[in-house]
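I have placed the structure first, in the form of structure tokens, so that the comments after it can refer back to it.
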Amino acid sequence: MARSETDLATQGYTFSELMVAAAAREIADGELVFVGMRLPMLAFLVARRTHAPGAVGLFENGVLRENPATELLYTMGDPPNLRGATQCGSMLDVMGLLQQGRVDVGFLGAAEVDRFGNLNTTWGHRNKEMQRLPGSGGAGDIACLARRTVVLLAHDRARLCDRVGHITSPGFGTGEGWRRAQGLPAASGPSAIITTLCVLRFGHDGEAHVASVHPGVSVEEVLANTGWTLRVADELIETSPPSHEELRVMRELDPNHFWTR
Amino acid sequence: MTAESKLLTLRDAISRHVPSGSMVLLGAQLEQMIPFAAGHEMIRQSRRDLTLVGPISDILFDQMIGAGCVSRVMAAWVGNVSAGVGYCFRRAVERSIPRRLEVVDYSNFTMALALHAGALGVPFLPTYATLGSDLLKKNGNLREFSSPVSEEKMVAVRALRPDVAILHVQRSDAQGNAHIWGSLGVAADGARAARKIIVVAEEIVEPSVIASDPNRTLVPGFLVAAVVHEPGGAHPSPVQGYYGRDHAFFAEYHEQTRRLEDFEDWLARWVVQATDRGDYWKQLGPGRVENLAVKEHALSAPADFGY
Amino acid sequence: MTAESKLLTLRDAISRHVPSGSMVLLGAQLEQMIPFAAGHEMIRQSRRDLTLVGPISDILFDQMIGAGCVSRVMAAWVGNVSAGVGYCFRRAVERSIPRRLEVVDYSNFTMALALHAGALGVPFLPTYATLGSDLLKKNGNLREFSSPVSEEKMVAVRALRPDVAILHVQRSDAQGNAHIWGSLGVAADGARAARKIIVVAEEIVEPSVIASDPNRTLVPGFLVAAVVHEPGGAHPSPVQGYYGRDHAFFAEYHEQTRRLEDFEDWLARWVVQATDRGDYWKQLGPGRVENLAVKEHALSAPADFGY
Amino acid sequence: MARSETDLATQGYTFSELMVAAAAREIADGELVFVGMRLPMLAFLVARRTHAPGAVGLFENGVLRENPATELLYTMGDPPNLRGATQCGSMLDVMGLLQQGRVDVGFLGAAEVDRFGNLNTTWGHRNKEMQRLPGSGGAGDIACLARRTVVLLAHDRARLCDRVGHITSPGFGTGEGWRRAQGLPAASGPSAIITTLCVLRFGHDGEAHVASVHPGVSVEEVLANTGWTLRVADELIETSPPSHEELRVMRELDPNHFWTR
């Protein structure tokens, strides 16, 4: 990403680092977090090392960690993620905690996200051709059952679309009341979408709006790169840049910017 | 009084216990201990019309689909965990190459529950997962119903009973009583849900080693049809305490299978011409194997079963 | 970054976390590791209107019922496992002595499923067990329904979520991450079903001991409210690797509690006057404790978590 | 039991030993057996050491053993029953095998058994007063779900009654077709009742009949001690006495006749 390299030179951090910092702040101390790989993993590590030392991480393979593996992981099943874990149970053990409503926040990626925070990781599009993608994994479960979900993705007009073609992971469906009508838990649903340009949040009606734009990004740029007429918060703010401490921890964990190009 | 040994070669185990048309559970421990060697043997023995079952089987499902062994896949995720999509899977779904593939999409939790229902001997288990999703609409094994005790909408996940589960394990005795540690995933339920089990073990040990720690026995031998001693049989996936994940292999597979003809070359080289695991190791080269070896051992604190 | 210690005395743990009226899970590991010391502390602190939950709690339920702590028991079996009936239980059910007792009868399997449903976060789980029995007719938490996928008659077992689970374990760190081995029973589900957990441990160990074998962690610390170091706290029930079952104690209890006044003497001697576990050991005498000690250690074969 | 002591002197074995041998023969090689304590435990051990070396034992606490503990056990949770087990899982693990229909035979005791093999272990009677008994434990589950169940109890007119007052563990209910009508598995139900006087088996209509009487016992004695008009098999035989080998194994395991007085 040429853009991020420029940012690193001019602003002192990359957009990925900004996203990681923003994601880390979505985790409160003591919370139980369904962690993904890559940026969310790094966000969890940053949160643990800064404002949320008591956060506990869960992984779909049954792993529960208080002291996260500090090595670079390619998958949650990499041996460093098992050694020294607090508990290695079964997938059902961690999914049970999720379904009990005990998981505070889950991080998700997506090929497509729509106006109501619904995610598609099953069918993509390229040049009007349908492309089969890998599927849900645990994402659909987290989207249904975590108290809050946070989505991270690159901001792209084709990926932030009016309605996803396939709901792999439900957000707010068609708006207010939809989740309850489907039978999903009362305390659940999307909390934020963190993109390369901005942070989106959701109103009571379940529709996304721009809550903050990243430093150096204009609202117009956000709107032009979004596939629907995106609402803007009345009190739009700028996303706080990563703090020195956050950057220090991130770079200690990822010295070669493998995750945070 | 000692039971008969169930030790077989991998070739014989697949030949006897995995006929074409079988429903086969693979990859129960997610990204660890994926039975690649067994999958390759199924390709070499030209199995057809298999139904592959498992939450995520990294690139093994992609390879078997590309080789034409599979008519149906029941999974939560099919691709290449560290590199992205699986091209064979895409070719099969999008263009029926090399043959038509039916995909039954699960989430991880609903797949775990389907096997758990099989293991518990019930026709279904209830969950809130997948409510509101298109998985629920399209997967006939997920059905909305009303909870008999709370009147809530719920999803009934229908039980799965695979014909055979292939489980890669750290150690097993000759009767198939096997220890698995580290990443457990859905291995315990998968073992019980299946009608029979093939155990592929890094080490064959005396029964006394297994019996020294019966809480670690994830697979009870009386459910096991065959035990195969195949060290390294999970490569390129990792086995805790035995070898690491060969990340480069997954990246290379991604690059080398993007085009159909490249996949065919890949398959010829790594599976068809490597007629057994010995050839495969030669292909891989000693330096690479060495790199994956355990650098620092970390033994569990003992538990005292004495009295 | 190290979390705060949750170590408390047994007295403080019960005082803070088990108010009268609580639903308390005891005896999750069946005949092993029954938290007798914790039960005795509840008697001394005059808890009332408790609901006791557990498959089988050997004579602990009988003692707490006799002491007047209990208004309801939800269990599969209440008595004295090696000697037969529990006289306090009988007096309470048959003659409301010392007070009226409501009994909700489960079978072992349906009790396990009730806790499993709680642990999985579903309102019920389905089973064929208890069909045709009078348990199904009389226990309101068992309800017949028709399977949504197979139209068969089944029983919906309603989830139980105890207010507190008291789990006796072999070893725990100060945050409550605990290893249990040997008899697991319903401990894992009980821990997750409960709203909070009190861990009573034979040994307090460094977190590194627990983390050396994360597959043996049955209780994750973040669900634990208090950790109590109380070696011998499960006597007269056994703890694998620590001490054996005091069969004679169970036989004596049977003989010494047949009549109400004899039970009152028993209770005064072993619980009320023994104001803590130190007094209890003095009552028991050193020779008896020695007899129960481990005669032959039997350490588990190590599992290598290295890479 | 004075009677058994006499038998030991005159016949060379006690009635308990006869019951154990009869129970052992209910186990075929390779079968999965839900074992109880006391006499069934001894029967399982005898079967393993004689005609059924491949039988596997299950216990409700989650234990599965191929090589049974040879020490005297008071409960299934005694430390010798855990050490050297093949697998120690959870209660749900073994109950799952049971519900799958994989358990071939389960042994049960009872306070009362009736004409259709229904068992009561919840409410007893003494001098017309109701007595609360401990309850089901796992017995009700085994009675519902094992392919065959075998009941062991002392033959007593009060305990072998026309209809039990409370069905803790269902047998054939009110007769033919009852189990299926309740929703119980097709392949399940009582197979034999082994008493101190005889062995009862069940006809297609679900009613018990005397299949064999123990050596030295008359049919009249059996009928007089049974609380309903008991049918007698057309070809009534004598229960085979324990073989030398069976007795040898039993006495090796229980040298002081603790279980087999």
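Each chain carries a letter (A, B, C and D) given by its place in the written order, and its residues are counted from 1.
Basically, a contact is a pair of C-beta atoms (placed from the backbone, for glycine too) under 8 Å apart; a residue touches a chain by one contact, two chains touch by 3 or more.
Computed from a predicted model, the values in this text were never measured in an experiment.
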item: Intersection of the contact lists for chain B and chain D; value: C
item: Rounded Å distance, chain A centre to chain D centre (Cα mean); value: 58
item: CA centroid of chain A to CA centroid of chain B, Å; value: 29
item: Between chain B and chain C, centroid-to-centroid distance (C-alpha), Å; value: 37
item: In chain B, residues with contacts to at least two other chains; value: 120-122, 127-128, 152, 154, 181-182, 184, 188, 212, 215, 238, 240, 244, 298, 305-307
item: Contacts with 2+ other chains: residues of chain A; value: 63, 79, 82-84, 88-89, 92, 95, 98-99, 145
item: Overall pattern in which the protein chains touch one another (line/ring/star/complete/other); value: other
item: Chains that touch, pairwise; value: A-B, A-C, B-C, B-D, C-D
item: Complex contact set, residues of chain C against chain B; value: 120-128, 143, 145, 147-150, 152, 154, 156, 158, 170, 179, 181-182, 184, 205, 209, 212-213, 215-216, 238, 240-242, 244, 294-307
item: Contact footprint of chain A on chain C as seen in their complex; value: 1, 3, 119-122, 175, 177, 188, 192, 210-212, 214-215, 217, 220-222, 305-307
item: Residues of chain B defined as touching chain A within the complex; value: 29-32, 55-56, 58, 75-79, 81-82, 84-86, 89-90, 93-94, 103, 105-110, 112-113, 116, 127-135, 144, 152-154, 181-189, 237-238, 240, 244-245, 247, 250, 298
item: Residues of chain D defined as touching chain C within the complex; value: 60-63, 74-79, 82-84, 88-92, 95, 98-99, 122, 129-141, 143-145, 166-170, 173, 178-179, 182-185
item: Interface residues, chain D side, partner chain B - complex; value: 32, 48-49, 53-54, 56, 63-64, 66-67, 79-80, 82-89, 92-93, 95-102, 145
